[in-house]
Amino acid sequence: MDIQLIANFSYILSAGLFIYGLKLLGSPATARRGNMFSAIGMLIAVVAGLTATGIVDFKLIILGMVVGALIGATAARMVAMTGMPELVALFNGSGGAASLLVGWGTLYSASGEPVSTFTAFTVILAILIGGMTFTGSLVAYGKLSEKISSAALVFAGQRFFNGLLLLALLASGVMLCLDPSPNSIWFWAVLGLSLLIGIMAVIPIGGADMPVVISLLNSYSGIAACAAGFAINNNILIVAGSLVGASGIILTNIMCKAMNRSLANVLFSGFGSVKQGKAIEGEVKPISVEDAYYILEAASNVCFVPGYGMAVAQAQHVVKELGEILQKNGAEVSYAIHPVAGRMPGHMNVLLAEADVPYEQLVEMDEINPRIENVDVAIVIGANDVVNPSAREDSNSPIYGMPIINVDQAQTVFVLKRSMASGFSGVDNPLFFNENTRMLFGDAKESISGVVSEFGS
Amino acid sequence: MDIQLIANFSYILSAGLFIYGLKLLGSPATARRGNMFSAIGMLIAVVAGLTATGIVDFKLIILGMVVGALIGATAARMVAMTGMPELVALFNGSGGAASLLVGWGTLYSASGEPVSTFTAFTVILAILIGGMTFTGSLVAYGKLSEKISSAALVFAGQRFFNGLLLLALLASGVMLCLDPSPNSIWFWAVLGLSLLIGIMAVIPIGGADMPVVISLLNSYSGIAACAAGFAINNNILIVAGSLVGASGIILTNIMCKAMNRSLANVLFSGFGSVKQGKAIEGEVKPISVEDAYYILEAASNVCFVPGYGMAVAQAQHVVKELGEILQKNGAEVSYAIHPVAGRMPGHMNVLLAEADVPYEQLVEMDEINPRIENVDVAIVIGANDVVNPSAREDSNSPIYGMPIINVDQAQTVFVLKRSMASGFSGVDNPLFFNENTRMLFGDAKESISGVVSEFGS
Amino acid sequence: MLIAVPSETHANEKRVALIPDSVKKLTKAGFDVHVQSGLGIRSGFTDEDYTAANASISTDRTALLGSGDIVLRVQKPTIEEVNQLKKGAIHVSYLDPYNENTLVDAMAERQISAISMEMIPRTTRAQKMDALSSQANLAGYVMVLLAVAKLDRILPMMMTPAGTLSPARVFVIGAGVAGLQAIATAKRLGARVEAFDTRPVVAEQVHSLGAKFVDIDLGEMSQTKDGYAVELTPEQLELQRLGMKDVISQSDIVITTAQLFGRPAPRIVTKDMVDVMQRGGVIVDMAVDSGGNVEGSVVDQTVDINGVSIIGVSNLPSEVSKHASQMYSANLFNLVSEFWDSKAKVFNLNLEDDILAGCVITHDGAIVNQTIKDLRN
Amino acid sequence: MLIAVPSETHANEKRVALIPDSVKKLTKAGFDVHVQSGLGIRSGFTDEDYTAANASISTDRTALLGSGDIVLRVQKPTIEEVNQLKKGAIHVSYLDPYNENTLVDAMAERQISAISMEMIPRTTRAQKMDALSSQANLAGYVMVLLAVAKLDRILPMMMTPAGTLSPARVFVIGAGVAGLQAIATAKRLGARVEAFDTRPVVAEQVHSLGAKFVDIDLGEMSQTKDGYAVELTPEQLELQRLGMKDVISQSDIVITTAQLFGRPAPRIVTKDMVDVMQRGGVIVDMAVDSGGNVEGSVVDQTVDINGVSIIGVSNLPSEVSKHASQMYSANLFNLVSEFWDSKAKVFNLNLEDDILAGCVITHDGAIVNQTIKDLRN
Amino acid sequence: MEVVFLTFILVLSVFLGFELISKVPATLHTPLMSGANAISGITLAGAFLSAGIGLENSQMAAYLGTVAVALATINVVGGYLVTDRMLAMFKSKKGGTK
Amino acid sequence: MEVVFLTFILVLSVFLGFELISKVPATLHTPLMSGANAISGITLAGAFLSAGIGLENSQMAAYLGTVAVALATINVVGGYLVTDRMLAMFKSKKGGTK
């Protein structure tokens, strides 16, 4: 059999290893092994890649590899644990740059003839995405390591300017397709614009959101590799690249959910802050059980606030179970009992005792309120009046003056109830419209059971 | 763009639809939609297939399609609900036969020249697997519809005979590869042997196991299509075929698990019954949480038998939850309380009342024993002495004469405990070695929680 | 400002109006608290405990009564005691203003600002001062335990080598605060609990405690704006009796908590219902004081009718006097501190406030409470 | 074969040996059952109930005693009664054979086959006849309810508008059958429960009920082959006292159930421990009958020592006499039917059987029980 | 080179097949099997080549192909219809009990 | 035809990528991202072609390729190592608390 065929089958093998490795990376118990498999796959692919026809000179390759390996290994070894995310950003940037260069290199075909339009198209994609990834990652690195201001940088007319950039890119791209020469002015335009767009895309995003950005750029670098693969007609690049591209998008999405944000919100929040400030009052934001899971999974301090609705739903047993699961997941869990929650004094105590919630986890209102800001997620289970901020703020409210559990001051609030109906005292509850409130509609027991099952899967 | 390219991209589209359809088919809420998507994918593929180069005559195609569509549609409409599995077997068989024929047809290449060795190899695969699927499905159909005896048919020397068949097939296959002509005697040998092997593979399997066999044959028919795809170089056949092949295998495996059997056990139990009878005593069969899930998911009558170990593990709350989940899943659930279970009178009552198990679901020993055969799965949670059959059977046992809950007479028994240790009275328990017993080792609470999470995912 | 707390004189009253804990909080807030010697002895608090909480101990009851700007107690005063009070003093206690006309008049005359603890509105905001709730809650618990102590069987189900003991059946009539707590307590002990109330909204609350609500169709029903039950028509009462007889005949314990605020309690369990109950059954009548829900119940006695015991304890919270005192005392403290202007050091007796409008009966020599005024006319 | 059931004569004994349900089963199995008139009246069973179950009612106690081939009762007989029994009869009851030497001798002399219910072996097989277990179980429940009724506070935690009521602390000493049920009952009511026992295996059982086991290191400990506790050395007792004093000082209820079979109960809670308990605390001493675990406990009285009540009820199961009778009766029925050969219509008094070897004390004019024989020598 | 691509496709589809069918409830086993079975009728697309080869080119291949087309069509048409019938029943049963 | 195959492969890999990453616990977000990132260094295999094109054939392409090789190698080597470090830490932390 000829060597090309062997190389290609090796690619298949290494693609299998990548896939299997990625699968294992998704679970803590197997993650390290998964990384190993993936690395072995890479080794096989690299060796197979070296056998490709058309390679006439190994000197430069070896040079490049030695230099790259040295830098990569040193960086990986030296970096402090806290510096990992920055480093990943840098690595990602170099991956993007490599794709860009591969695409670029393709324009200088060995034969010297101009490449086909299709190839030119894929080359442009490789350059665009690779370039964006490169500069975007650099900016992300800068923001993370505080080398540049981590604040979201916005200026008037930014959207307009970005629109212009895109238009210009499109135009140059088309021109380059028509005459795919690396010496054409259009080529330089495409290159420059791509790099610029990467920068422009990341600067309006705040430093705290950088992990999401890096994850997204990671997905891009996969797509860039994929485009490069099309350009040079290499299927391992396509497979590995599209794997990374797709799984990167999913991962980005998961990360956004865990931050209780949408991707659009992350990418354009910078613009948003210029446009409309923070007052998005009056909007009810429902949340799905699945998204609730992502947020809870990432939370490290959770406080349940049960009310009459928990009793109606007879949800105490599942609530206890969710509490245990969260504790096992590393979160601190408490149950804040408001004195008038329920319909008789001690109603919540009766139910939680029945579910065998340890007395130590029950906290009184006066105890939880001073430290409510530390609570990542306050889960309001069928309570209403006892978490109604108008008792604190609105002197016209019939319940004005009653002390409440200030869940509105927690990082995120889940309110579990069946509808927007009011509670015992019939007063509307502004909590439901708060910026950091998510409504999980439905019977409390079902909702909690749903979240519990999400943890199982 | 030329029509071939369009056809090929249509294939890609239909492959996507197959994949998405299969995904949707896995969940009750979306299954019907999934089938629809898959059918649309098929439509697209068929239309695209009609555009293939090399088709010069549409008459026969149309004839075949009309006849096939009429038969298929009529059969599908007319069949009684109870006859569905047989019908699926028949359909499956015709799919296999089609692959066989496609392979066969390939040998008569349009040019009249003999095909390449690789093609011949794939053709043989297509014929072998297609043929096996065809006759195997027919036998399965016969057994299911009781047209032939549904008993496992075994005879002395069966294994030896089957071995001979395989050897003969191998030999003829090799010969055919060397001279891939449809007129060669070797061709007929391969064809005949393939058909024979399909029959021989299925006859030793009992009628009750036919669904598993059909599922496996279904997987085969996918592989046959895949092989045919290689033979005629058609990638939609490869993709769709291997999808069906892989998912069929998984599905077969799941079905085996739900029957608390291994695939090998299903396929060779007929042989086994000749060889060694039913006495496989003395073997402890551990089971994983996942497999326990598959069995419970398919059970329609589940009885919990709690003992002291449930108390030690404080598993009552999760047990209650599992009970509720099983009920929602359509199973009848009861809790059989042995009078001396636990370490004080009423120990189990205290715990189950705490977990709010309705009194109606608690049954006494004398109530459950007469109907224990109807119990699909008896889940023994940390009980030991109270389910020890030696109290019934072994007059030397110190607990001889004590009435027990006869879980050993249930269809399947799960015993949840941490080890093989004995209970309070220090007596060994033969239940653990029973044919129908599965040991789920580990802390009872963890085990049950595990099963609960499996239900979630 | 001086707060005076005289001892309780009722024989059955073990509670105290202020426990040392609340005394400490009040003195910290700037009050002088004087308590009568021996005040807390029946709830487990000694004079030393009070001294340690910065109270002054007084042995002269009359002087004490006369000295207080605010007088706090559990039970209503006698008419003589009213006349010993300082003029213009604020007097907080149970008062039964619907029935105690002469007492109320006497207080008005003496220019006392009389606050009736029964009349604290049942609103969410006022709940921390609501002694009816806090005491009814304990009463619910006590009733179950009284019944259980009397019963000749156990409550929970037990499957034992000596046979299965079936769970006892408990039937709670009237699921207000006390009824709900009775349900919860009986459930805890493992009984099968059923409950009935004329207010249909209560069904959900009963379910929320895991008990069964007995559905008896009485036709149109409603509740007053404060959430109290309205009186039933005679036909409705009859329907109710029939429906309940069935349940009662299968119950081991029946607990009745149906009270109609300010009026005699409805007679719910009649002689014929008692008769169908099995021997050994126990009935607890919470309303025994205001006429009794059960025919034949006698205040502070346990009557045996054909093997069925009817328990009629009038002062149920007193059975758990320590906690009852703690809660009552917290109610009083919350009431006083809510209206205490700590800067101006005055008690802000603002009759515009809806809580005070509800519970202040007399002020400045007149009856100021609208409900009572309406009642008199 | 004739089974005779005379009424119980002890003043405290409300239980009966056979309830109508078991009578019905026995008559079905072929026995004649004669019961004394008025037998079940204190447990809620009338003569009519017994007649309905096919028993004959006898008004002549002496004749009844003399007629029975098998005599079933709860408490041990008097010596006079032994002499009224039919010679060779089987007599089943509590007997206290470790201490009642003259009674046992009298029975041997009268050629009675005396079965002592205390001596039923504690094996898994014999559990259905084990009255010690069945009655101790109920005793555990009763003890908690007696304590709760006496306590001036409630058991469960409650967070209410009138402040938080902390859960009561219950300390159970001795976690045998009664102790475990006490733990379960107190837990149900919402108390924080701690328990202690000298047998280390019990720790797991205590945890299995959701309570805390108090670890006191007493050095080497063990139990007899039957699962009973061995007697402690004086040093160990002292260690235990010190360790427990701490827990007791924080407890609202202390329940002691430590009994040593056939010997006086260990003195576990001494005067100084009672002193450290807070006012209002309650102690229940289950062993009050056999010497008492608690210093100062008096049989069938509630003593008040510095505000702490010590309850000493000797016959705890009698408080729930209906269920206690039901279980005891089931134990007797199981015993009789286990050894009743329904074909031959004889009671198969096979002393080889390990249950009978354990519980038959006298037979054929001699003491046949090995343990009692050993004790006498 | 084609073989490489085809194998690549094979490997990827096998992985996908495994990932797709993870936890199928027991009630769906038969419909899923039947639905997958219908997909395996894709052989139809291959049978066209044979059936349409033209009698003049190869009679045998054409006839074989025609039978193959018919059989595969049975598999496809019957398979999808019967699956749909099963699922429809399943749905209404669920709906009924809920 | 190649394009068809390549697209097929693309589609299948995208589906697979979606199926593979379903519920990743928050603690694994960073390592997973970093591990996936290392895979994207596969560009290396493509860069070889460029870097090895031979200076005589195209100087520019060769130099570009060399830089690409270096950059991709950084991505690969660094990526795997750093991922492994993260996961090792993670493991020992878990092991420690358990």
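As written, the chain order gives the labels A, B, C, D, E and F, with residue 1 at the start of each chain.
As a working rule, contacts are C-beta pairs under 8 Å (C-beta built on N, C-alpha and C of every residue); 3 or more make two chains touch, one makes a residue touch a chain.
The structure displayed is predicted, hence computed values, not measured ones.
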{"item": "Intersection of the contact lists for chain E and chain F", "value": "A, B"}
{"item": "Contact-graph distance - origin chain A, target chain D", "value": "1"}
{"item": "Residue-number overlap at the chain A/chain B interface, same or different (half cut)", "value": "same"}
{"item": "Furthest chain, CA centroid comparison against chain B", "value": "C"}
{"item": "Inter-chain centre distance, chain B versus chain D - centres from mean C-alpha coordinates, in Å", "value": "57"}
{"item": "Geometric centre distance via CA averages, chain F-chain B, whole Å", "value": "38"}
{"item": "For chain D paired with chain E, centre-to-centre distance based on mean C-alpha positions, whole Å", "value": "73"}
{"item": "Distance from the mean Cα position of chain B to that of chain A, given in whole angstrom", "value": "38"}
{"item": "In chain B, residues with contacts to at least two other chains", "value": "19, 235, 239, 314, 339-340, 345-346, 350, 353-354, 356, 454, 457"}
{"item": "Residues of chain D touching at least two other chains", "value": "127-128, 133-134, 137, 156, 158, 160-163, 165, 188, 190, 210"}
{"item": "Multi-partner residues of chain E (each touching 2 or more other chains)", "value": "1-3, 5-6, 8-9, 12-13, 15-16, 20"}
{"item": "All chain pairs that touch each other", "value": "A-B, A-C, A-D, A-E, A-F, B-C, B-D, B-E, B-F, C-D, E-F"}
{"item": "Chain C partner contacts - residues on chain A that touch it in the complex", "value": "308, 311-312, 314, 339-340, 342-347, 350-351, 353-354, 385, 398-402, 424-425"}
{"item": "Residues of chain C that touch chain D when the two form their complex", "value": "14, 43-44, 127-128, 130-131, 133-134, 137-138, 141, 145-146, 148-149, 151-154, 156, 158, 160-163, 165, 185, 188-190, 278-280, 307, 319-323, 326-328, 330-331, 334"}
{"item": "Touching residues (chain side chain A, partner chain D) in the complex", "value": "337-340, 345-346, 348-350, 353, 356, 359, 362, 364"}
{"item": "Residue ranges of chain E in contact with chain B within the complex", "value": "2-3, 5-6, 9-10, 13-18, 20-55, 57-58, 60-91, 94"}
{"item": "Partner chain F, residues of chain B touching it in the complex", "value": "4-5, 8-9, 11-12, 15-16, 19, 235, 239"}
